[in-house]
Amino acid sequence: MTDADRREIEDVLVDYCRMLDRMDLEGLSRLFTADCEVIFGPDPRLCASGRDDLRRSMERMWRWQRTAHHLSNVRVWPEGADTARVESCVHAWHEAPNGTTAEVFGIYCDRLVRAHGNWRIARREMAMNGSQGAFRVQIPQAERAAPPQGWLPPEGLDG
Amino acid sequence: MTDADRREIEDVLVDYCRMLDRMDLEGLSRLFTADCEVIFGPDPRLCASGRDDLRRSMERMWRWQRTAHHLSNVRVWPEGADTARVESCVHAWHEAPNGTTAEVFGIYCDRLVRAHGNWRIARREMAMNGSQGAFRVQIPQAERAAPPQGWLPPEGLDG
Amino acid sequence: MTDADRREIEDVLVDYCRMLDRMDLEGLSRLFTADCEVIFGPDPRLCASGRDDLRRSMERMWRWQRTAHHLSNVRVWPEGADTARVESCVHAWHEAPNGTTAEVFGIYCDRLVRAHGNWRIARREMAMNGSQGAFRVQIPQAERAAPPQGWLPPEGLDG
């Protein structure tokens, strides 16, 4: 995998955010393979099989008045020349029609493949470290190790 | 355009954020061309023509006690060897002297040029997806497609 | 310093965030040199000398129920082939067991070295531009230039 491949992969992830915030669902769906699998949570309405299904299911984002998806922490693990496992974080801000806001600190767990010369998302599964504000969608919590038995928090550190 | 060019362009955008947060306006203005055009919004006080004008107009940021500008979603489209169109997102946090905070989810739409061997911002126009908290400055909303006629939000998705 | 070095350095910084959010302290500590110096603030409990000390001291993060550390604004200044000064920003979100949240807009000031073929953090000192919510830990404020004497804020800019 070349440096150019890594850049193209990152561009695909960024374009997803850009197209989602402007609700260009036609452009967004073309970032995925025709037979992609997308799983944002256990609710069937948060899942999509294939590009056309994804484009339709993402219409749900119109229930927000505005969104902003800011990507960070991109990590690429090549699996051969034409496949990569990719993990990234997203700070997703949402504004409801009544003006209240909600923020998600999400994680995209992706598999990308080179298809017809372009990197495309073949599989996306979402998790999150948490959220704040008026967000209720059931996105699964990412794994986090628990403290060892008997661990006690330090006193007075948060003054 | 080489990979080194792309890195230098991204460094310029990051340095803008770093210098703005420490209010190094002399350093910040040197990231722009001498004849730059900068437009943060329709209010004439949010616009600047040329590097010296920009340095003076950015003094307005001192009305905040502290700021943090975190850049993401950088996309570079080369236009020949010495010019590039660049789009990026910024999560801009502001703290007023009274302790209240305001956040902007902004978009920088830039043109960069290679001038005297260094990449510089020749034109910057700002838009935003939204804001929260005590932010009132008139930055234009970015474009976002409206739902098709008759579109209805899914029921019960938000718990 | 090659482009591959820069990428490996950025991967180390991102892995720190990923491992901290999942509380993989064993993995996290291996991103540092055996004799690392880490200083998050003046409180001795926010400092660590050496990898083992760091792993123990980072257990304090379990007092939060969840965290999300999103990295941005990475700048790398090579100092020879095997050392680099690196600065980056972090948007660190914390959720307390009672559900209240706290956000830090932090700055990591690092020195990385190539040790046994891998880039590792030899020294990390943290500062911040600010915080919001229920955050009380004494992380030092980053430097910011003060306005010139007699500077007056523009009127009416904030509506």
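In this document, chain identifiers A, B and C correspond to the written order of the chains, with residue numbering beginning at 1 in each.
One rule holds in what follows: a contact is a pair of C-beta atoms (placed from the backbone, for glycine too) under 8 Å apart; a residue touches a chain by one contact, two chains touch by 3 or more.
Please read all numbers here as calculations on a predicted model, not as lab measurements.
Novice: Rounded to the nearest 5 degrees, what is the angle of the rotation relating the C-alpha atoms of chain B to those of chain C?
Specialist: 120
Novice: Under the over-half criterion for shared residue numbers, do copies chain A and chain B use the same patch or different patches to meet?
Specialist: different
Novice: I'd like to verify one number: the distance from the centre of chain A to the centre of chain B, where each centre is the average of its C-alpha atoms, in whole angstrom.
Specialist: 23
Novice: Going through chain A residue by residue, note those that touch at least 2 other chains and give them in order.
Specialist: In chain A, 3, 70, 72, 91 touch at least two other chains.
Novice: Quick one: in the complex, what on chain A touches chain B?
Specialist: 3-4, 7, 11, 14-15, 17-18, 21-25, 43, 45-46, 59-60, 62-63, 66-72, 91, 93, 95, 101, 134-138
Novice: State the interface residues of chain B toward chain A in the complex, per the touch definition above.
Specialist: Within the complex, chain B contacts chain A at residues 3, 6, 70, 72-75, 87, 89, 91, 105, 129-130, 132, 141-147, 151, 153-154, 157-159.
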